[in-house]
Structures are given as C-alpha cells and as structure tokens.
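Which chain is which? They are A, B, C, D and E, in the order written, and residues in each are numbered from 1.
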C-alpha cells in the first residue's frame, strides 16, 4: 500500500486514474490517493501520514525538502493558469499584454475578482502577480472566497467577475460555467508539479521503496509518454519539461 | 325539572368491545346527580363523552336543549362552562399556585385577578402552605385537593367529579363535599359525581344513576332508597346487604 | 497530540486578545445559527407536536420521512438550495447566493427535521391524561399544545439545543451557499475548513475550541434564561420552584 | 432546479442498474454509521440515563458540557483524532489513519454526545413514580434503568435514529480520517464532496438522494424491528398490544 | 411478639421542613398493622423509608433484628423480600400480563413459569379479560387491581399497602382485602397498610399506628378501640364523633 497525497486539482483532472493502474500493475502495489490542498498534503508528509506527494507550489516544496521532510524531489510536469471572465469582458482585460497588466486593469476597473484566498498554489501564484503589479487588492470588488477552484469559478460566474484558475479545472468546468478564458499564455502563469518522497530517515515506517518507484515511474520515458498523451475533453492538460 | 344534559342512543366501544350503551339519560340542572356502578361499568367513559372530550361512536347529546355543535370554537365555549375532576389527579409541572390559576389564565384573566382568586381558594382548601410547592412534592391527599380546587376555582356551570374521596382523609372529604355542595346551592351549579360510597351518595345526591356493564341499570330521585324494591345484586352493590363472597 | 497543545494555547491567545477577525466570524456564526434554529422551531415544534400527539392515517409514514431527513448531508442541502437560488435557478433574480441569507436558508433546512423529530418523540412519550386535563380546564387546541410542550420542556428545549449545535457546527451549507467570503459570509466552520486545507491544523483546532466555547456560553445563557422564565410563571406571587420537576 | 431534475433521473438509473461502485460505498456508509451509533449507544445511553435520572452536585454543569459537545464540528473531531492517530501522534504506531476504523472513531465521537444528550432529556422527563415502582418490585439498579429506558423508548430510539442520521450524513471526519480512498474508505458523503469539487453537481445530488433512500430503508427496518420486539415482550402468552402506548 | 421492623430516632425533612420524626416504632411480624393519619401526616414517606427506597436524614432501622446494610447488592436482596402497593398506581407501558409478570421476570424466572403464575393471579383477581390490554386502556379500578396483583404475585415477606381501596368498588375492595388477609394467614406475611377507613381498619388490623404531622400519635393493639380514652381530636379523626366543621 502506497499512500499518495496530492492536490484535488490533480485528482479531479483524471490524470491519476489514467496513470495509476499502469503503475499499480507494474509494481504490484495498491496506491491510496488522498486528495487535499497542497498545504495539507505537505502537512501529511511532514507527519509521515503519506509516503509520496504530488503537489504544485515550488517554494513550499523546496522548504519541505530543505527542512528534511522529503527527499528526491523531481519536476514532473506543468500546466498553466488562465484568467477567466464573463464573455463580454466588461473591464476590457482581453487587451492586456501581460498577466500583470491584466490584473492592473481589473483593479482599476474595480471589477469583481474572486480569489482562492486559501494559500493554495493557485492563490500564491495570484498573490505573486499582484505583488509584481504593486497592487494591494481590496474588498468589496476583491473577494477572498477561501474555497477550492471549482467553487471559486462558480462564485465568479455568479458575480459576473474574474478569477485566476488552473487550466485543468477550467476544462472540467467549461460546460458548467459561462466564464471564458480572457487572458492566457504569460510565462509567469506556468504551474509546475513536483513529486517528493517522504524522508524515510524521519519516518522509518513509510513505504520508501514504492515511493521511489513512483518517483522514477513518473519521470521515466513511459510515465512521460502517458502524461503527454493524457487528454481531457480533447485538450492536452499537462506539459513536460524538456530535459 | 329542567335538564342540563340529555343523551339518546349513546354508544361507545373500544377495539370492538362496547363499553357504553345508553338508550336515554338526562341530568337535571342545578342539582347533584351521583353515578354509581362497579369498576369498568363505563362511568369515566360517560364523563369523558359528556364533557365533550371524546366522541361517542354514535348517539346525540343535548346541552341545555341544544345539540352539540361541530365547530371547535363553539365547542370550546361550551367546554369552558364545564369542569372535570378526574379520577386520577394530573397536575402540571408547575407550582401549586400556577396549577390553581391555570384555568383562569387559559380564560385570559390578568395576573393580579388570578392571584387574588388563587389566594381565596387556597384559603378555602387550606392549601396556603403548598402554593410554592411543585406536584412531585405533594402527598396524595394534597394532590387531590389541589385538583379539586383547580376546577372549582373557575366556577363552571357543570362539574363532573370522578370519585372526590380519592386519597382524602375524613375531614378533607368533608371539606370537598362542602365546597361542591356550596357551589351547587349558591350558584345553581350542576354536579355529576361518581362515587363508590353509598353514604356519600345519600349525603349529597338528589338523583342517582346506576351503570352496569355500560348499561343503565337504574336512575331516579334519591328518596327512601333503603326501602326500594332492589334486586339482590343491587342491594349488595349499594351496601344494603353483605356481599356473599 | 502535538497540535492539540498548540491549538489550546493559540485559542487562549486569540480569545484574550479579542482578535477582531475571530470575534466577527464568531458573531456571525452565532447569529446565523440562532436565526436558523428559530425558523426550525417555528416550523418543527408545531409539526412535531402534531406528529407526536395525534393519530391519523399516514402518521407513521410521515414520522419515518422526518427521521430520514435527519440524515440530510449538509452538502446535499447546499447543492439543492444552490440550484434554486443560483442566477440560473428559479429564484436567481433575488441575488441570494453567497449572502448570509443563503446560509440561513440552508441551515434552517438542516435544523427543521431535528426539531421536528425530537419534538415528536418528546410529545409521543407524554401521558394522554395530561391532554384530557388541559382540555377539561378549558384550554383551546393551541393552549393544549402549549401546556403539553411545557410538560415536555426538557426534551423540547433539548431539541432546540441539538439543532443549534448541529447548524453552528455544520460547514457544507455555509461553504456552498455562503462562499466563505472574508468579512461577509465567513463563519467559524468555513474558516476552520479553510485553515485545514492550508495545513494550518493547529489554528483550525484553535478555532474549533473557540466554537465550542461559544456554544458553551450560549448553552449556559439558555439555561439561565430558562431558570428566569420559570420564576416568571403563571402565578406571580412568590412562585419559585426550589428545584426542577423531574 | 436544472440540477435537481437531472439528479433525480440519474439517481433512479444508478439504483435500478445496481451500480456496483455505488452499492459498495453505500454499504460502507451504512456499516460505519451503524457501528459508530452502536458505540455511541453503549456509552451514551448509560451516561445520559445517569445525567437524566440522578441528582448529584455538578450534574447541571456536566449536562451543559454534553449539550456543548453537540456542536462539535466534524472537521474539528477529524483534526483532533488525526493528531492522535497520525504517525507522529501517540497512537501513530497502530497505523489507523486512512482506514475505516479511523472513520468509526471520529463518527463515534460525533454520535456519543447526541445519544447522551437526548437520553438525558428523555429520562429527565419521566415521573419519579416509575422509578420508585420499579425499585419496589425488586429491580436492581440496572433493571431500573432498563425499565425506565423502556418507558422512554420513543425518545431513546429517536436519539439513536438522530445519531445515525448525523454520522451517515457527516463528511468532515470521514474525509480527514478516511481519506476518501476509492474502494476502501470512500463513503457516500466523501464521494459527494468529491463530485461537488469536480463540479459534477447532478451526480453529487443523485448520490445525496441515494443516501436519503438508504436512511429511509434503515428507518423503516428499525421501525419494523421495534414492532417485532414488542410482540416478544416479557409475557409470552398472547401479549400483543393492539396499539402503541402513548 | 416478634418484630419484623423497628425504627429509632427516625427523621426526614424536605427543604428544611420536617415531615417525619419518630422516636421509636416497631412492627410485629406476620400480622396486619394499619397506619392512619390525616393527609400529609407522613404515611407515604414512612413507607418509602421502611421499604428502603428513600434514605432518612437520620435514624436507625432494623429489619428482623439486623440493621440495614449499606451495600447495594445486599439491600437488593432485602428489597426483593418486600413489596409496595403505591397510593398512586403506576403501571409500565407494557401489557397487563407483562406488568403482572414483571417482578417475577426481574427475579429471573423463566417465561413459562411466569406465564403460569400470571394466569393463576389473573384468575384470582378476575383480570383474565384484561391480560392483553395496555395500561392506558384500563379503568381506574382495573388499574388498581393490576397494581395490587402485581405485588402480591411474588409473595413478599413484608407488604406495604398505601390505601388499598383506591378506585375500587365495594366487591373489589372486599376481594383485595381477602387476598391480602389470606397471604398473611397462609404464609405469615407481614402487612403495613395505610387507610382512611376506620371500618377497613377494624376488619383487618391487629395493630394500629396513628401518625399526625410526622409524629407518632398512638400505637398499639386493636382491642376495644371504641371504648378507649381518646381525646376529642382522635375521636373525630377515627370517625367516632362527627367533625365539627
């Protein structure tokens, strides 16, 4: 039994359902997926309650490894963030040249903007862009919802506002929301995923052997091929680093 | 004699067993009528029906010459002219004072008026020391006295009394009898009283009704009962002969 | 274990410092739970009373339905109401979604079956004697109900306490319908959910402790209020029961 | 509105097709809720009985504590137990986290205050007469308790139904402690949460409808069982009450 | 005469009010002792204490010469040799048959033995038709008879009876008296009976105890009571003189 703690967005994207059966067959192990937020996944790792993590927040991942909780962190893949808004794009965000400019336009128009507000990878990304733009977003147009991605998209939809989302969640919500992609493509909005094995020196009980198998599987040519070929609603979701 | 209650063809059964089956019965106004009859004869059932608290299977009831209305509001007005002292006293989980004043409060009386009246009746029934007690702190006889006072306090036109003696010592029996009798005399209240005591019956009753197995066995005025031509069963029942056990 | 210790001292800090953010969400939580419980009481006590006191065809079936509704999951209630008040739902034009009103709606739906079922059980255990006595003293139907409920007051008040506890502790409806928006619809439980998802377990636990403290204070106040009410009963002479009737 | 219609037809489909995945999680949900309710009954009924029946110093304070515990939020219970059974917690070496046993633990903690509080209220409303009568007929303390609980059976059974409903509908503890692992710890409610987070609202709702159906069937069975039990009372001649005592 | 119960210096108060205060009292074995006294005199309280169901504030009780043990298991054994017919009959929410068999079941009797015994006693008390009924379907007198039979069925050594007449018609009073008297004669049962009826007292009692306001007013054998040198109060109380209301 291998306990994999990962983010809800990864689980919801369906990628794991595609990858794991192959892995389980190959290494003759059952993988139990615990889908939670990145922060909580890292906390589970710290306590030794998971064997391996698949998460997306580079900064905390590095801290996690630096503090000795995890070993053998590898980049796995990335997808990207996009800015969603109503099709009419009332604030005119569509003409922005960069992500920073897009958020600046929203702030100046005081257009409704829904923030995850939950310290998730997505939220941290959003905060870093605000910082770049030198803006302190404020209520009431700025709504810190403190919820998962899906609910935030729904709130933005209800409020006719904008929201920063990962592409995977948007694709799965596409036919449930009226929001459309208003801005995409800035490199600052890339969303890298890493895999980390929990440190067996700290937690001798963890299934380190299978954890390493998993790390290697994801970064093997077979794993990479599977990731690249995974499509949701006909669209590729995850991209590989060319290494 | 004016009749306050008349019933005709009254029948009531539970689970298919008939417990009350009266062709015709009438209760004179402003007097005490005593109902006697063995256990299970249907006395309490009759009271529940006459007090409009239970529907008979069929039959007609006239109150002061009028048939009983269907309408609940109208019935409530009639019910408020009646009182029942139940065989098994049931006080509410509130102080004795609150129990005594309850019926008046239900009729919308103000706090102060209720209080004065409660004190008056507490005096009459010698319940002064108990006003602040709760039902679970009373002795059996105290409970019964509160229950009697609680019904007499609102001076109903018709009072049904199911065994007033229950739990009472001799002097309290006497007291309760007097209280009932005085309301009959003073205000012309009608009382329908169940008792198993022939002595109590002859002290109080103007009329007697004898029920047996749900049927009317005898009814009439209470005159020279001792010399009436009773059959053996009734003689025994009335305590005019020793039971042949 | 390690979280609990941290959580406790953090909770104490937050309370002693009267942290304004915490005070605000605690206040909102109490308010919403109190209003929902009130709505549930207005609906659930009469319905529960009728189901407990009267025998009519279909009573038993209705009672089973009420009991079933005790297992309404909060998120299902959230979803169902969501689909009514979302912009595309039939009540969309009122703009209720993501407002405190929406939370109240959801919580009232959760609390009503609790109050109904427990009132039903409480009045069902009463002796018929009391009903007869009340009627014979001249009580109207409504007054009879009042007296019987008074008689079963421990259980009926217990029903309200249980319903209040249920809704102040629930998170699904508050999250889905309120949206956990900071400074507007964030309650203690949605804040706990948020901190948990951040991995801030100790902080989440300390909010949980605050929630329990809030409930404790509310319970004590209710208890106290109940005592005062007793003293102001029907008779106003000096009627003050020395102990509760059991 | 649009979800509800879709959800209903989907639920019907899932049930008619006896979808094996749905059957499995429904079965697990019932099993876990039943075991937790049982544990809660074993603890809560005696404690509630004592709090309801005996007068001792501190009783009122303990009663307030129990009432307060009614507002334990599920995620707080989840977190607290997590900190005990996490690998770093004192019970870490048993490896309980993310197992059905962990869920049972959490749900039992949620259910126990409910059973306790409601049993307390039910027995508190009983007349002392009955206790005296039972004792004078030669009942031991335990037999007295049994007889009084029998007398309050509507309310006590109602307490168990309420506790069962609470835990089968709760998601916080099941999610935190079970981990929503497919084929192992996924219950109806964690599945609902998952589908909701995916935006599959109609499917989530249809699972909610299935949950309610499951509860309904359980309630009907309990009701039926209770009737059968009555028939097999103390006297075995032909004692079968024609109607329930009210 | 052998004493089955002896008390000394017994005191009991509620909320600071003393309701029972007995220097010394003893109950002879194998006979009927009647307790009389006005409402609120402390009769029921005395029964509750002697039946080991309530703790006195202080005082000592000897049962068959032994002081009452502290240990609950030991007390249970003693309690099982006693029975109480309460002033206010309280049946459990189960069928009459189950109520009748309850005490036997509590003592671990098997179903079949219980059933035989229940049928025997149902016959003796003429309750055969009621066995399947539930308490809320009984009349007052029926309830009382079930309550009496339920306690006599397990043939206790000491029986406390608080007003056996309650709700009963004359022939059922007679029946109950006989049943009690026959167990006293046949098995040497001791009975302590409260009644307000002087006639019942003189029919049954070997000894009389009179309580008033919690104190022992008189106790002794029942011989030539009419000619005793009572004061006016007791004469009235015993019905030897008319009350001067």
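We take it that a contact is a pair of C-beta atoms (placed from the backbone, for glycine too) under 8 Å apart; a residue touches a chain by one contact, two chains touch by 3 or more.
Given the structure is predicted, the values throughout are model-derived calculations rather than measurements.
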By count of C-beta pairs in contact, the leading pair of chains: C-D
Centroid comparison with chain C (C-alpha atoms), farthest chain: E
Centroid-based (C-alpha) most distant chain relative to chain B: A
Centre-to-centre distance between chain D and chain B (centres being mean Cα positions), rounded to whole Å: 48
Computed distance of Cα centres, chain C from chain A, in Å: 38
Interchain centroid distance [CA atoms averaged], chain B/chain C, Å: 45
Between chain A and chain B, centroid-to-centroid distance (C-alpha), Å: 81
Residue list for chain C, restricted to those that touch at least two other chains: 127-128, 151, 176, 193, 196, 201, 242-243, 246
Per-residue multi-chain contacts in chain B, two or more chains: 15, 88, 136
Chain A: positions in contact with at least two other chains: 148, 151, 154
Residue ranges of chain B touching chain E (in the complex, touch as defined): 14-15, 37-40, 44, 87-88, 137, 139-142, 145, 162-163, 166-175, 178, 196, 236-237, 239, 243, 245
Contact set on chain D toward chain C in their complex: 1-4, 55, 60, 64-65, 67-76, 79-80, 82-84, 88-90, 114, 117-118, 120-122, 124-126, 128, 151-152, 154-155, 157-158, 161-162, 164-166, 168-172, 176, 188-189, 192-193, 196, 201, 204-205, 208-209, 211-212, 215-216, 219-220, 223, 246
Contact footprint of chain D on chain A as seen in their complex: 3, 8, 11-12, 32-35, 47-49, 148, 150-151, 153-154, 172-173, 176, 203, 205
Interface residues, chain E side, partner chain D - complex: 48, 51, 53, 72, 76, 79-80, 82-84, 86, 88, 90, 92-95, 97-98, 100-103, 105-107, 111-112, 114-115, 118-119, 131-132, 134-136, 150-151, 154
Of chain A, residues touching chain C in the complex: 36-37, 39-43, 117-120, 139, 143-148, 151, 154-155, 157-159
